[in-house]
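Structures incoming, each one as structure tokens.
Common to both upcoming complexes is subunit A, partnered first by subunit B, then by subunit C.
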Partner chain A sequence: MASEIADAPTTREPSGRSKPSWRQRNPLWLGDLATVVLALLVLFPFLWLIQISLRPKEELFSSSILFTPTLENYLALWKGNFPFSFVNSIVSSTAATVLAMIIGVPAAYALSRGRFRSGRQIGLWILVTRMAPPVAFTIPLYISFRWLDLHDTRLGLVIVYLTFSLALVIWMMKPFFDSIPRELEEAAAIDGCTTWQTFLTVTLPLAGPGLAATAVICFIQSWNDFFFALILTRTQASTAPVAIVGFIQYVGWEWGRMAAAGTLVMMPVVLFSIFVRKYLVRGLAAGSIKG
Partner chain B sequence: MTALSSTAPARGAWSDRRDASLFLGLLPALVVLAALTAAPGIYLVLTSLTPLNLANPGSAWDFSQPLGNYVSMFEDPRFLNSVAVQVKLSLSSVVLQLFSGLAVALLLHANTRVRTIARSALLIPMVLPPIVVGITWLALFTVDISPLHRFMEGIGLPIPPLLTNPSTALWAIVFAGTWQHFPFAMLMSLAALQMVPDSPIEAARIDGASRSQIFWHVRLPFIAPTLVVAGLFILIDSVKAFPLIFIMTDGGPGEVTEVTNFYVYRQAFTFSLWGYGSAIATLMLAGVFVVSYAIYRITSPKDDHGQ
Partner chain C sequence: MSVVRLEHVHKRFGDVEVVRDVSLQLPQGGLTVFLGPSGCGKTTTLRMIAGLESVTEGRILIGDQDVTSLDPRDRNIAMVFQNYALYPHKTVAENMGFGLKIRGVSGPEIEQRVKTAAQMLGLSDLLARRPKQLSGGQMQRVALGRAIVRDAEVFLLDEPLSNLDAKLRVQMREEIFKLQRRIRKSMIYVTHDQTEAMTLADQIVIMRDGRVQQVGAPLEIFDRPVNLYVAGFIGSPEMNVLDMRVEGGSLRAAGAAGFTAHPALAEGQAIKVGIRPDHVEVATTESAHGALDVEVCEQLGTTMLLIGSFGGQRLRVLAPRASVATGERVPVRLPPAHFHLFDAASGVRLN
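Right after this comes the complex of A and B.
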């Protein structure tokens, strides 16, 4: 239910029987106009950053709307260390997502189907994990990473990302499994399938869209991380968001390059989230609305 | 439920065996969560009872004054200041995000083509990497490059630099944060509005209720529980505020934007006072636990682990 807000019809629109006086005073086109104005205002900062990244240096501070777009900022990034950080981001976010899915999906299924005495406590634990301020994890993890030689490694980053992505996968997948009818599984069980054979052959294929959405949102969360990467990496494993900070701290105020790097970092997220917009509520609200 | 109760006598050995085998699937996740969250949590609480300072390794397991950190917290003006900043940031974030999210949701709640597209497009700020939101608003609040400043100057109302002014810096951050997070309250409100049944609205309309009367007396009571949950989520997220502050003001000017989260970061990672930082983080964790528990109680219906 909560998953279909983006597209589902929200009100029954006038089919002729609605009170004319009520509608006439509030024509729909007026609301549409307000919507367009609002959307442009809200998205202005986002679009403005993209155009800054395409501006040549000389025209950075000019207020003219027209300029000859250039890729010089992107080329400057390509020649620097940024591609390296970008690859680090891709590798650690992907690895964290894959691991979280492998461990989390069966757990979500077990929580959906099984009856465990401490099911409620496990649910609360997962919620707290998702809510806890990252700084509470970083202090102990920073100290143990120094012992284990995991500081400034991609592996270390993947492990840290599991702290929130595993909870996210379990939290998102459980409602998907809840909504798949059990009758099909019971039929398979009668045919002699074991619990986990049934899961793999019957339930998992039906949960396909849920799996895709969960993986994408999980990836976005790791990709967007700034805090963990800031503290637990230095040079070898530093990610793209942390590299952006470098443009402020070391090179002076490199607005053009900063905007180009920002654009590159946000593009995958924006594209991905368009694919999964129906499920964003469930992921970001952690299933807080139940129908 | 019906399927199970109709075969109630058959439930028993088969389903116990099934539960046992399901538990095997849950086990790896529990082990990893324990290793990654429970163990650090315990370590954090233990460290908070010591004066651990990385410059002095002997202080690691020194439990001679277990509550020392907790006592000095309340004598530390900078900590108390960070709590005050946190309260200002959290309350204003909750109010502004709920208000703007609900307002936008009421506008987008009609089903026209334009508004359907807008419902997706307006999600963008929420999914952007926080660091990108940070640099965008840092630029927009920087006088020599920002079109906002240029525009206000053009119409004869120049605004001074907001981020370096102690009386406006926090509000500039709250504004950027609201821009980033309002879609969440918008989505929650849209979902709740969608579940308001039509019949009471129709009835009120026939009785001649105005639009605002319908909102206050019919719609709002229906969506209020969802708004409460949304508010609690916003509250928790505001406690984690970090990237925007790190990028835009670095806690300054002075300490006016140094929220508690940021102060812990300073204590632990700038001053290496791990014991003290852990104590504050422990208190924050306790607060998050209380709010999470409230959310859990509100959102888990009676049929909690039911079908």
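Right after this comes the complex of A and C.
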């Protein structure tokens, strides 16, 4: 995805004299129409989910678009166990993201700047940790978590998420650091900075878009995890995505509550992305050009 | 008194030796230019003085202090980088004051010193801007400003004008000259442009392949280059070099009359004779030493450069403006008083 954004401007034919561009050959509204249709197509499942969550129980599957919106599904969620799971999700994802950034960002910087032997191999081995399918780790994780008393704890989830996020942070941040000219750091050194001062006052602010993009992706990855939360938690640390499955019961499927919970789980990700959208695009593109 | 001293400094990157046994003394308050083609080790030497590159062997002293293993921040130096290296996320004022801020200077004093420097460099109206909003010349000034607010002992400039266009380069050259004469700080200036070196320097250090070739004042080097390399590097248009041989007590070249030989030369010795194009004279047929077959005739405005063959050897003559055309044969005189004699094998100066 990242490379597509970056490559788009370079691979496009220069809109020149010889060949009229798509824009010149077609009326403007055609492009707008195509955009709207595509957007609706992509957004359809989300919109469908949201409207279900607002329907009263009786009208859940009526084909009419007209219904009286109600918050009864959300209220039902609020009274149940869902808020607890939601908090678990927030705590474990946030903690994993913060820790991954704190550990991973300096590591990426060191890999980018350090002149040490086998730096490439170290980078590669960090990536290798992501190559095996996560399922492969389930049994060892489950057994060791039982043994370490980490089963069904938030700390346990944070540790699992951290192992995956760390590689992501290091590999996303390294190209950002690579693209910051060394001269800036040398100028800072001459201006009187220690290595840490240079990193904190010059390098890190310049990597800001990259930090934002990385943190968001990191958070979303932990937030969206279903598999590990399902295996490694039971009641105390179960997360929101796992809680949604709980609405599938013997007596029936609680569609309204599932939709409401799904909407709520989606919200932080959507808000977060809108909030840092500018940095996200810039960040992804900037990183990919260099990497 | 010397402000910077290098003692037998070497720099190796793996097996490649880029700086070989450089020993130098740079005068207090003077402007020293490191001059040489790219890859001659001049920038590496500068970076070793700055502390951005480690010294493989030897010592560097600033003032009386051995700084060989000190961090850049402990050396009391300021530096201007080739691509300016301004912090993109800081304003002009913040860029200039950053070094002071890091060193714990108080806010009002920083402001005062930045203001003074900005005034000196004509940046007063730009203090709130960011580097992105500046032109090349302005960025260059900010980079200079960042260096001078610091009140460092030595200023290091690494090809500071190479990213500017020709006209701006001349203008900034003048400004750097005036600035240096005004603040009287020791500066080390790295360039591959001999015009910059000639116009700015109190002292030029010419380097080649990591070795110092010659150290001296600009005119000293121009008048008495120590070897063929320096002779060819300094001066524009380039010095002519003619192969001659000592025969019967006089210097002879193919197609030319004999010249009185220097007494120190041995009979039969092969000599390379250097003579600057502006010292070769277009003469009357009687007084001429030989003839130049003009192949190229470049009009330079007040003068004109004739390039052609002199008895089979290439010769450039800077002649007064006249109507000479390609293909003509022009009688020329080579006044022996202006000869630079070099040993043909080693290239070392003989006279």
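Please note the rule applied: the second predicted complex is superposed on the first by the 238 of 291 C-alpha atoms of A that agree within 3 Å, B and C clash if a C-alpha of one lies under 4 Å from a C-alpha of the other, contacts with A are read in each partner's own complex, and residues count from 1 in each chain.
Note that a contact is a pair of C-beta atoms (placed from the backbone, for glycine too) under 8 Å apart; a residue touches a chain by one contact, two chains touch by 3 or more.
All figures in this text were calculated on a predicted structure; none of them were measured in a lab.
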Applying the touch criterion given at the start, work out whether A:Leu206 contacts subunit B, subunit C, both or neither, answering first, second, both or neither.
-> second
Determine, under the contact definition given at the top, whether A:Pro56 touches first (subunit B), second (subunit C), both, or neither.
-> neither
Look at A:Ile220 in the shared chain and tell me whether it touches subunit B only, subunit C only, both, or neither; answer first, second, both or neither.
-> first
Classify the contacts of A:Gln197 with the two partner chains as first (subunit B alone), second (subunit C alone), both, or neither.
-> second
Counting only touches as set out at the top, which of subunit B and subunit C does A:Ala187 meet: first, second, both, neither?
-> second
If you stack the two complexes on chain A, which partner ends up touching A:Pro83: first (subunit B), second (subunit C), both, or neither?
-> neither
Per residue count on subunit A, the busier partner among subunit B and subunit C is B
So which bits of subunit A does subunit B touch that subunit C touches too?
-> 183, 186, 189, 194
Seen from subunit B, its contact residues with subunit A in the complex are 3, 15, 18-19, 21-23, 25-26, 28-30, 32-33, 36-37, 39-41, 43-44, 47, 104, 107-112, 114-116, 118-132, 135-140, 142, 144-145, 147, 150, 179, 184, 187-188, 190-195, 198, 205, 211, 226, 229-230, 233, 236, 239-240, 242-243, 246-247, 261, 264-265, 268-269, 274, 277-278, 281-282, 284-285, 288-289, 291-293, 295-296, 299-301, 304-305, 307
List of subunit A residues in touch with subunit B within their complex = 1-2, 5-13, 19, 22, 26, 28, 31-32, 34-36, 38-39, 42-43, 45-46, 48-49, 52, 60-61, 63, 103-104, 106-107, 109-111, 113-116, 119-120, 122-129, 131-144, 159-160, 162-163, 166-167, 170, 178, 182-183, 186, 189, 194-196, 199, 220, 223-224, 226-227, 230-231, 241, 244-245, 248, 253, 255, 258-259, 262, 265-266, 269-270, 273-274, 277, 280-281, 284-291
Which of the residues in subunit A end up touching subunit C in this complex?
-> 181, 183-184, 186-194, 197, 201-202, 205-206, 208
Residue numbers on subunit C that touch subunit A, as the complex places them = 50-52, 71-73, 77-79, 81-83, 85-89, 98-99, 102-103, 146, 150
